[in-house]
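Heads up: the structure comes next, in structure tokens.
Going by the order they are written in, the chains are A, B, C, D, E, F, G and H; count residues from 1 in each one.
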């Protein structure tokens, strides 16, 4: 694994952009683009990532970028890839960079279609667990119990598991990552770049205004998500599932995760959880670890 | 023909350093050059020079660098305006 | 005064939009038939400059456009004056209300200038969000001193209506303090 | 009760007071605060309604269709790209004759992304069969949401209604509004009694294949119901005025038109702003009036003709049908003749002040028209 | 399990409809509606099932039926369910009845959304592995190697696994069935009716004109699909996976499946398979059984 | 080479000969045979192109947008509900100024499901910024597909083009067509050279947020490009005529109009059928001509005016904008004045024979118009 | 108000028996009343009476019943017209 | 004959649409400038009645509507005559061509009647799909005997063009057999 100091110095997310202070998206995108490099074409649906670019006629992104309708990231990527292929430019990486809303919800169908037809691209869902661009509404990725402006008393359903859905598509590479583990993220993006076919990656991206925590804690929050087992980091390569970093121990049962309360209590969105809710969340998490423990043993 | 084609520009939103309420200040003596601050800065506002070099024209003062610095070499000071 | 137009300048997170809304609400309670408040919209980012507008009139307001020639300019954060020309379009006989501990005399502007230390008052009255002083309620308190069609009582009422009894009283008190403390050149 | 609030919050309040049984909506700037508010009303128990948290606007409209077809009153709200994504389902709702009420916040279309006001979004839906209202104040937003249900559900109409207003300019602007009591609203708007519904006691099939022998009559009936809606809208406006003292002139609201030799025709926020322009011009001695198009579908042909009989028209559009012209201008000309002046203004949120409208008047008098501030001036 | 002779006699698919002779859809729907009974409201997207109803002003379906746009079955079901609930009619079953095109492809997003938000309904995908209504085009459910009018030389990708995707949604009930096993199908539909929340069912439905076989062989083809292991019948109930009928033995390895060639060779659409293709199909099938063997052991 | 085939097969052949690098389409009756044919061309190696097998029409257009933005020529085809589902992406493609060419087979909108012809589907897209052609013979379909690329890709235009023709009436009807050689086509239609594209050597961003300061000019430019397209279409038609001996009159094809005191205006299949009506009426001594609207966007104002100068107009629409009237009639009236006769005919596949058109002429002379065979007669 | 509301009707497409090319004929003597033919008939054209009763007005002649009958009690005969 | 209009009646699966197309193609090869063929569309189901149309003219055809007053009616399957009035609209001087082993004299119709045993020919020539005789090519073979503007050579050519050498020849031979065997009253 490459050391932090050896990560490329090239920056494709320029200074003076429109992200909120402490934004997780720019952290994630900086690292991913360091891995993919200059020969990347990006497509971005409606999301905070569209806003971050700043206003016409300027942009803060330094790789060619197509903005596209909220639900159309993966479909536009299929078009970009086909056009590149038709022109013999098979060395350019196609990156669809979408939020959880654009991936779990309104863009799911386009994503599933692209996975099924074998588009050669990397789809990254940065998951801040809500529609942050429109002011914190629930998404399919919003966890149980979280306050949003469309779930005032806490979300009643558990989140969708999109990485699991991606795996059900039998694609060559699925990986989850966290902005708090940049070398792991870098490595995964590099690997995805080398694999032919559809690749799905998902990055947990804690958003200070949306989750209601202090803007200096973005990375800390992403780290705690992993250390408490609220977020699992893994790779699924040709049917084989491997866990990375702290997630490995947590899933295998060899590492005691930090109490999830540590993570929940730092976030204003979980302020109104009852003790019962917390117990349910703990049970659900355990169930998830157990599921993945079995799954990783077998597959 | 006009369509919305934009060109990569630093300071597309202007000098975002003016958004800052707190200013990160590096204490070189403490710094162990782990480059955590550099890799995590959401603003690409830290450059890898001999020491981490914060670009105050753009640093929005989020404090992530200070929070992540393993040796507390970065201090957040209230911006005076 | 058939129509008073007010522009607010501040930073994301400071509550400039809320200030405009409070003013409109208080103006309604002060007996004005036409009131209006709205932001200049863009994606509001914490710390980035924001602008908001309010109109007050004794008759119904049909205007829906922005305010280009305000009667009053309210500056919640003087820091933004480095990058924004806050008195652009301000009428000759217009007023500038500034959140600053300085006295109006220290401010060199060819307008009527009023100052109030809203930040100081906010800290004093412990109205803080995430450790950062909220200056919108105190600064609104200063306005009745500068306008014929607005009473401090209505400002109190509007604040309490918005934040409820507890937080409301605290904020209303801060407004009243500003009402008392505003200095006018 | 007098409140002061944004048009969005007031629309949410009106929707709540109309007591829809099912609400289904998807967030999009600048509509979001409506959805948020309604979610809050439902979660707090203030409104007894099912709130469906859909995964797209397409599904928002599809679920409204499903719910309305099952016999209950529904509500939704959207804007711009959300509205465009519904396009197929808009046609569907109208042909299925389901009196759904939807608020659309007018916002420009991308790319590039614009979150600011213009009416290309709703104007591009003019052929879907929906009734279209355009509001110019928060009070009117409230009144129109309630009225819309009466109109949509009227047995002569039975068509969905879209209520439009300008993004930010109205949606995020606080203005006062007088709110009737729930009892008053209930008596004005009785419970919904559907003309057709899915019901296990009467197992109809809706919408299966229809051959050339029958299709055209279904379309004709829909068109005729739009025509009949004109009277219904006027009746409802009149009844509202009797009960609550506010009228918007039915299909077109007129201001100082009686002796006007020139009438400015516009709608939405510009239709309010132009009041000030008319006053200003009147001060100068110009005999100018204002006709604010409150209803675009059904298109108020008769009313428009009447206005054009005695006055020259200056139409100000906040939309463009590329390769043609502003849509209101087209339809007005098709109604009263080609001899009008027509401006396009305010696209993508460009501010239009009463001074701009005065200037357009002056330009028209110099025999100029076109894209204001782009082409002319 | 109820005996065939004891299945209800009520018919909700009337004689004199517009289905092709030998249509699998009417066979499937007859059985499902016998299980769900009169108090069912159905929503049907564009598909052969829309055509089968016959022309306005007549219909061959005898339960209330809403036709809806191709991609909107599940969303309309959410609306129907909400309206029923709001009226206190919680005893009516909501059935979304869609083809594989309307489920795997264009309707997937609406389906996923309804599953995530917990709509209380039964979604049935009858899977004839292509767009039959528009004249045999490829769908996400079309198997590898099959000719369609958009895959003249055989489909190059493997089919999507929608039941697996449904299971990834963590819903209370997922079941697969075959029209050749009507009592199993009946039982599953009955069970689905009793469970609250989103239920997903999928029925293999061999289509004579689309698959290119003689119209008298519809049921035989559906049976062979199961006996060769080309189609697996199972139930997934609250995380527990159980295989039914011949599929049980095949997955467990205790039953030798019939050679898949028996099934392939009866179908014109597989006429141009090479020996290599057939070997690949066999490998893929084995892999699938192995996958499910493990999965059913664990969960 | 003379072939006889359906309009769909001929459209597929034309698309093939235009050598698009990417094709992305989703099947829908009555368009399917185009998609099938193109899939076959690609799989057989006859056409070197990427064929994207998308999961919906929305994605078909989104992937065309992605591909065209990456610098290659694209093609797609759809119909009716498929077109409606693309609505948002149609706006997108046009504002992104991507010269995509699409064939749309006109088919009525549901519910109830109708697979038969009418033009409500494409007419409802009139505000999206796409150029719109309507064809009336298989030969014209071929010629127009090739011409469309020249027009769309012209540097003064840079807008997408939609080519429409009637479902079944043309799509499934075999008629003869003369097909030029590939070399002739190649020399008429050179390789595509895009005005902007995604290119790692020049990392632009397309379509990010655009404020009120800039948006309106982008819209204006798009509108002006539509206006400029009029000349380009006429030039291309002329060049085609020179090379291949066939012209369609540019924007409007006229038949026996020169001395006509009445001109029937229609489009698509009805625009062909009316030839026989004109001949029939001429036999009776009536001075009737036919103006077939070949291009609806940009709307041919100047040409329409010229025709109306010397003749009375009878407009026959195969669409309805509910609550208004037929869309062509509206736009023609907005151009030439309100004094025309207007019919709506043929919705949902209702057959319109030359005898029907003769009858409409007779009705018009009796001062009647409206919904043919529903309202009048 | 007109919308496309249809009512459940037998013979919505007419007497589909006319589509038939082959006619299923039951041999009662062979029938074991397993009701396979009944459950599988795509046309709901077989009724459960004492023996399976084929409704020739609607039977489209697909032959599924004959194919599935475990004892070959149904014979498909070419329709004579 | 400036314009000949032909209507085909058959059943789903029998190839009535193909027959109309073949006729148009052969008519083109016979030197007619205007030719046209199209189905009456609906969802075609195996066994259900279908209808198709063809037009032939020595000049360009502008008509796009269906044929209501045909010159010739071709019946591929006499079974459908139970439910469909096949001679509806047929011109007084029109012709009915029927696929039947019967002689035209046996058919009681106030029109010119021609018959040909297309089914018999198909079986004889082994043109069967799924065991069912395909009657469209043989019946088209009978048409040149009934029309001035169509040659049997062109019919052969059109058939071979469509099915290629092998299957084409077989079908063309069947057409030729029908050409010889057609009986006209």
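The working rule: contacts are C-beta pairs under 8 Å (C-beta built on N, C-alpha and C of every residue); 3 or more make two chains touch, one makes a residue touch a chain.
Small disclaimer: the values here were computed from a predicted structure and weren't measured.
S.K.: Fewest touch steps from chain C to chain E?
M.R.: 2
S.K.: Counting one step per pair of touching chains, how few steps separate chain B from chain H?
M.R.: The least step count works out to 2.
S.K.: How many angstrom lie between the centres of chain C and chain F, each centre taken as the mean Cα position?
M.R.: Each chain's C-alpha centroid was found; their separation is 57 Å.
S.K.: Per the centroid of Cα atoms for each chain, what is the distance between chain D and chain E, given in Å?
M.R.: Centre separation, chain D to chain E: 43 Å.
S.K.: In chain B, what residues contact two or more other chains?
M.R.: 3-8, 13-16, 19-20, 60-61
S.K.: Pull out every residue in chain H that's touching 2 or more other chains.
M.R.: 45-47
S.K.: Could you check chain F for residues that touch two or more other chains and list them?
M.R.: Expected reply: 53, 55-56, 81, 85, 88, 92, 95-96, 110-113, 115-116, 203-211, 214, 217-218, 222, 351.
S.K.: Would you please name all pairs of chains that touch?
M.R.: Here the touching pairs of chains are A-B, A-C, A-D, A-E, A-F, B-C, B-D, B-F, C-D, D-E, D-F, D-G, E-F, E-G, E-H, F-G, F-H, G-H.
S.K.: Which bits of chain H are touching chain F when the two form their complex?
M.R.: 20-21, 24-25, 28, 33-39, 41, 61-66, 68
S.K.: Can you tell me which positions in chain G touch chain D when the two form their complex?
M.R.: It comes out as residues 1-8.
S.K.: Under the touch definition given earlier, write down the residues of chain H that touch chain G in their complex.
M.R.: 11-12, 45-49, 78-80, 82-83, 132
S.K.: Give every residue of chain F touching chain B within the complex, in rising order.
M.R.: Those in contact with chain B are residues 95-97, 155, 158, 195-196, 203-208, 210, 214, 217-218, 221-222, 225.
S.K.: Would you mind writing out the residues of chain A in touch with chain C in their complex?
M.R.: That would be residues 18-21, 51, 133, 209, 214-215 of chain A.
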